[in-house]
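Two complexes follow with chain A in common, the first pairing it with chain B and the second with chain C.
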Partner chain A sequence: MKQIKKIAFWLLVLFLLILICLPGIWIFVSAFRPNPEILSKPANWIPDRWTIHQFTQMFSINGYVSVPAFKYLMNSVIISSVSTVIAITIGMMGGYAFARFNFRGKNSIFLSLMLARAVPGISLSLPLFILFAKLGIINTSFGVILVYVAMNVPFTIWLTDGFFRQIPKEMSEVARTDGCTRLQAFWNVELPLAGPGIGAAAIFAFLLSWNEYALASIITRTVHSKTLPIGMMDYLDEFTINWAGMCAIAVVMIIPALILTFIVQKHLVSGLTFGGVKG
Partner chain B sequence: MAEVKLKNITKKYGDVTAVQNMSLDIPHNEFLVLVGPSGCGKSTTLRMIAGLEEISGGEIYIGDQVVNEKDPKDRNISMVFQNYALYPHMTVEENLGFSLKIAKEDKEEIETRVKEAVQILGLEELRKRKPSQLSGGQRQRVAMGRAIVRRPDAFLFDEPLSNLDAKLRTQMRTEIKKLHQKLKTTVIYVTHDQVEAMTLADRIVIMKDGVIEQIGTPLELFEKPATKFVATFIGSPSMNMIEAKITNISGELYMETNDGISVLIPKHKKNSLAEGQKIFFGFRAEDIVPLKFGQKPKNSWSMTSKVNLAEPLGTETLIFTNLGNTEVVSRMFTPELVNSNDDLEFALNLDRTYLFDGDTGLAI
Partner chain C sequence: MSRKFFSGPFILILPSILAIGFVIIIPLIFSFYTSFTSYKLTRPDSLFNFVGLRNYERLIDNTKFWYAFGRTILFLAVVLNLELLFGLGIALLINKITWGQRTLRTIMMFPMMFSPILVGFQWKYIFNDNIGLLNNFLYLFGYESAIPWLIDKYLAMGSIMVAEIWANTSIFAILLLAGLLGIPRDPIEAARVDGCNSWQVFKNITLPFLMPFIFIALTIRSLDVGRAYDIVHIMTGGGPAMRTELIWTMIARIGYKDANMGFANAMSYVSIILSIAFTYYFFTKLVAARRDLGQQ
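Now for the complex of A and B:
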């Protein structure tokens, strides 16, 4: 009886795993075969002919470019990195303040930050579009960075607040009686201790920016500022869809995300739970 | 090299007054112990001296400077915390040298001073270890080493031994005392353990509810407690304390307990008492002894009472018995077996009794 239960359990796990991984596997194999084969019926799981044509074309290795994917990749890298650095810097300072200081309206400020995070991004798209158009920062990397910083700051504050709370406050007190200013105590003692947590928060922020589609699709227009997820749409022509090209871009997007997720997975649960201690 | 002075220090947290109007002069090189029950404001006082807590009123002097507005880093004090608060990401020697590194001392100076501290505390083998690889006692030592290295004007200790087991605590207590004799620096030491206070202190400050109850040397507090609280707090086992009322029986003053036991008031106490006054009547365990195993004191009062329980502790035996309805404890230093339920005659040494006012608790 126990044996059967165990087998059933693992079968269920296997089934769920396949269910989750299937689209990923499909994207991966499709990136390496010609477009017509993707559309063949019945579906062909193992490509008859492997090709890296989509990748060479994407990075214009053979001189001909249909979609400037390399530019999109650069945009994505720059926008995600810069917005992450800014968001984590602000988040770290904010999180430290919430964890260590008492000030008036502390709880309501914290709550409103979290509520801001709860607003569905897409509902902001129209006001954002008008505002950005008026300010003349539509279709610029700067505009996208601004949006992503705003999107990520509440999240990084929430996470780093939790990490700083984990460090006993005696740590900075003893550093201060050891001759440190508050800033030196932060820099020499609290930051190194919170370091791994802050790194994890930064990766979360990076991934959110990296994968973001809805808002970017509104405020980016051209090759100037489009990120990879938006650039992917270039493969949609009026009459044809280059599924293979899309899949290739998806692979380029997924790989860094996958690597970062592996790095951060240890902190994933702990980070989210100690952030959650705060109400 | 500095004395520490508190002048009318007050600390309020909103409506809560943690420390009230506290004044204290701590001369250079004194070992001062702040002792009192939990929540009486010991840590708060210490943290105000360190500069970690703002002062709501009054002035603190270190040397001849008012330090109220100074940052902890400018006060030249070292603090040792109850949980040690070692920097977990640094090795023992980095922990020890940290304050010097911050003060931008040169490498050689840091090395000599770290070496010195390591030798004093016997940490040579552990220099390269991280705090997580140390035992509680070793961590305690590192925390003290970190304080020593800085050569501060004053050491502040907040219950530094309370996380250690009993044996290690006694051992570290002795070491702290020796260290103080070697370093000759002002020490302010917080504890709630009266034994620690008695053994370490040059002077003890007993606090209760944010106010100083009494300041004095350990012996002064033991022999001349100013209040009932001090009397019961200092000494182990705690002083026996019985509620009584002053009565006049044919011209002589007696104290009469609730259950009708009368004891003659010693002559030298008579003048400060009035008939009908409510008092507490206190005496230490060693001043009430079974007659069978001790000598009858010159001026005594006797009773026969049943033994509730006897605890032989080797050099001494504690005997719990009743005086009227109140349980009292007697301590005898003769190694004799006493059985529960034995009837014994006890003699109370009246010259060593203490009287406290029933309302104010002040000594009479």
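Now for the complex of A and C:
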């Protein structure tokens, strides 16, 4: 009886694993298959032939054939990195203020920041589209970066607030009695200690920018500023879809995200829960 | 007074407030204004054509809008509850494992990395009636007529819910697992000695302890409910015959396809209030749960 229970338990775990991993694996496999094989009926489960055709087409720098994926990738990298650096810098300042100071309206300011973040992208896109067009920053990386900074700030504050709280106040107090200014104490004591947590917050911000679709689909119009999620739609015509191509660009999109997440997963969870529980 | 206002913490928070003010607050004030005009993208001068509450009146009279609104509420109710339930189940399951727990936890985070647009595409591919993984799989078992998952008026919504649940269950699972790992062993053992069964232990000790974690997960999740737009947009585009139209896809259609910005902005306000209400509700619950736990 105990044996059966144990087997059932592990079967359940296995089933879960398959459910979580299979869709991604299927995308990955399909990215390396020729299109006719994907379309074959009955299904061809194990690829007869592997090909990197879709990737060479996407990345042929001299005169692209299918979709200018390299340009999209560069846009994505630049927009996500720059917006992350800015959002982390100003978000960290905010997080530090919430963790270390008591001031009037602290909780309501914190709540308002979170509520600002809750505004759905598509609802925000309508006025942003008009305003950015008026200001002449539509279809520019600058405009997209600006939007992502604002979107990432509230969550960065939530995370860094939690990490700064984990550091005992006394440590910076000791440093300050030894003659450091508050800024020096922050720079030499608190920042290094909160480092891994801030790294996690940065990756979270990066991923949000990397994956965002609703807003970018409106304020980027051409290859000049389109990011990967928007570029992915190039493979989608009204009636036909280039499945292999879409899978290939999906792989390009997911691999950096996966690597980054594996690096920070531990800190991510502790940051989210600490900021929330011990508030 | 004013010197104090511009010192210390306020200076530190100011850049955040400025960024949010410029990208979120000012556009929202602008769109609030346009929701009282007959603004159409194609006719810029209509920006100053003030029509009072007419857009909102049209909204109230619009049955399509109310269908989309009701569908959105239903969608969120089903999806959030199932995600919480599955997330709790997975967390309890993984909490029992001693060997390879770390690896499993990492794998569990997998769907969190996926862009919603990618999740949508991935499930569009799986649910495709012709070449989809699911129908091919059923074919193996002799089920030869292709099921039109995304074309059938009833199945389409269910398929979208599957995608949404796949993408977001992991955030619940991860956070609840973190909560489970933090539960002190003593009260559980004491309760077992006193003769409590597993269910009683779960209900009286584990669950109250998990409550703040449940609300953290719900708060974080409620920030992003609007991202369902991406998934629906790529999977069905609101079709078939608007059967999967949610409030967010309807905004996009009215605003960009029909270029009727004033009306779309009025609708946007309903969706913003919806999101903010969700977040506010869970956030206050979180604060309360936190306070309860602190008192114990």
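In this text, the second predicted complex is superposed on the first by the 269 of 279 C-alpha atoms of A that agree within 3 Å, B and C clash if a C-alpha of one lies under 4 Å from a C-alpha of the other, contacts with A are read in each partner's own complex, and residues count from 1 in each chain.
The rule is simple: a contact is a pair of C-beta atoms (placed from the backbone, for glycine too) under 8 Å apart; a residue touches a chain by one contact, two chains touch by 3 or more.
The structure presented is a predicted model; accordingly, all values stated were derived computationally and were not measured.
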Practice task
Quick one: classify A:97 as touching chain B (first), chain C (second), both or neither.
Solution key: second
Practice task
Figure out whether A:192 sits in contact with chain B (first) or chain C (second), or with both, or with neither.
Solution key: first
Exercise for the section: Could you tell me if A:14 is touching chain B, chain C, both of them or neither one (first, second, both, neither)? Expected result: neither
Exercise for the section: Identify the partner contact of A:168: answer first if only chain B is touched, second if only chain C is, both if each is, neither if none is. Expected result: first
Practice task
Would you sort A:263 into first (chain B), second (chain C), both or neither based on which partner it touches?
Solution key: neither
Problem - Partner chain in contact with A:177 - chain B first, chain C second, else both or neither - result: first
Practice task
Using the touch definition from the top, say if A:213 reaches chain B (first), chain C (second), both or neither.
Solution key: second
Problem - Contacts of A:52 with chain B and chain C, given as first, second, both or neither - result: neither
Practice task
Between chain B and chain C, pick out the one touching the greater number of residues of chain A.
Solution key: C
Practice task
Touching chain B in one complex and chain C in the other: list those residues of chain A.
Solution key: none
Fill in the blank from the handout: Interface with chain A, chain B side, in the complex: residues 50-52, 71-73, 75, 77-79, 81, 83, 85, 87-89, 98-99, 102-103, 146, 150, 156
Problem - Parts of chain A lying in touch with chain B, wherever the complex brings them together - result: 168, 170-171, 173-181, 184, 188-189, 192-193
Practice task
Give every residue of chain A touching chain C within the complex, in rising order.
Solution key: 9, 12-13, 16-17, 19-24, 26-27, 30, 38-39, 41-43, 45, 90-91, 93-94, 96-98, 100-101, 103, 109, 111, 113-124, 126-128, 130-131, 146-147, 149-151, 153-155, 157, 207, 210-214, 218, 229, 232-233, 236, 243, 246-247, 250, 253-254, 257-258, 261-262, 265, 269-270, 272-273, 276-279
Fill in the blank from the handout: chain C contacts chain A in the complex at 8-10, 12-13, 15-17, 19-20, 22-28, 30-31, 34, 41, 90, 93, 96-97, 104-118, 121-123, 125-126, 130-131, 133, 136, 139, 166, 170, 174-175, 178-179, 182, 212-213, 215-216, 219-220, 222-223, 225-227, 229-230, 233-234, 248, 251-252, 255-256, 261, 264-265, 268-269, 271-272, 275-276, 278-280, 283, 286-287, 290, 293
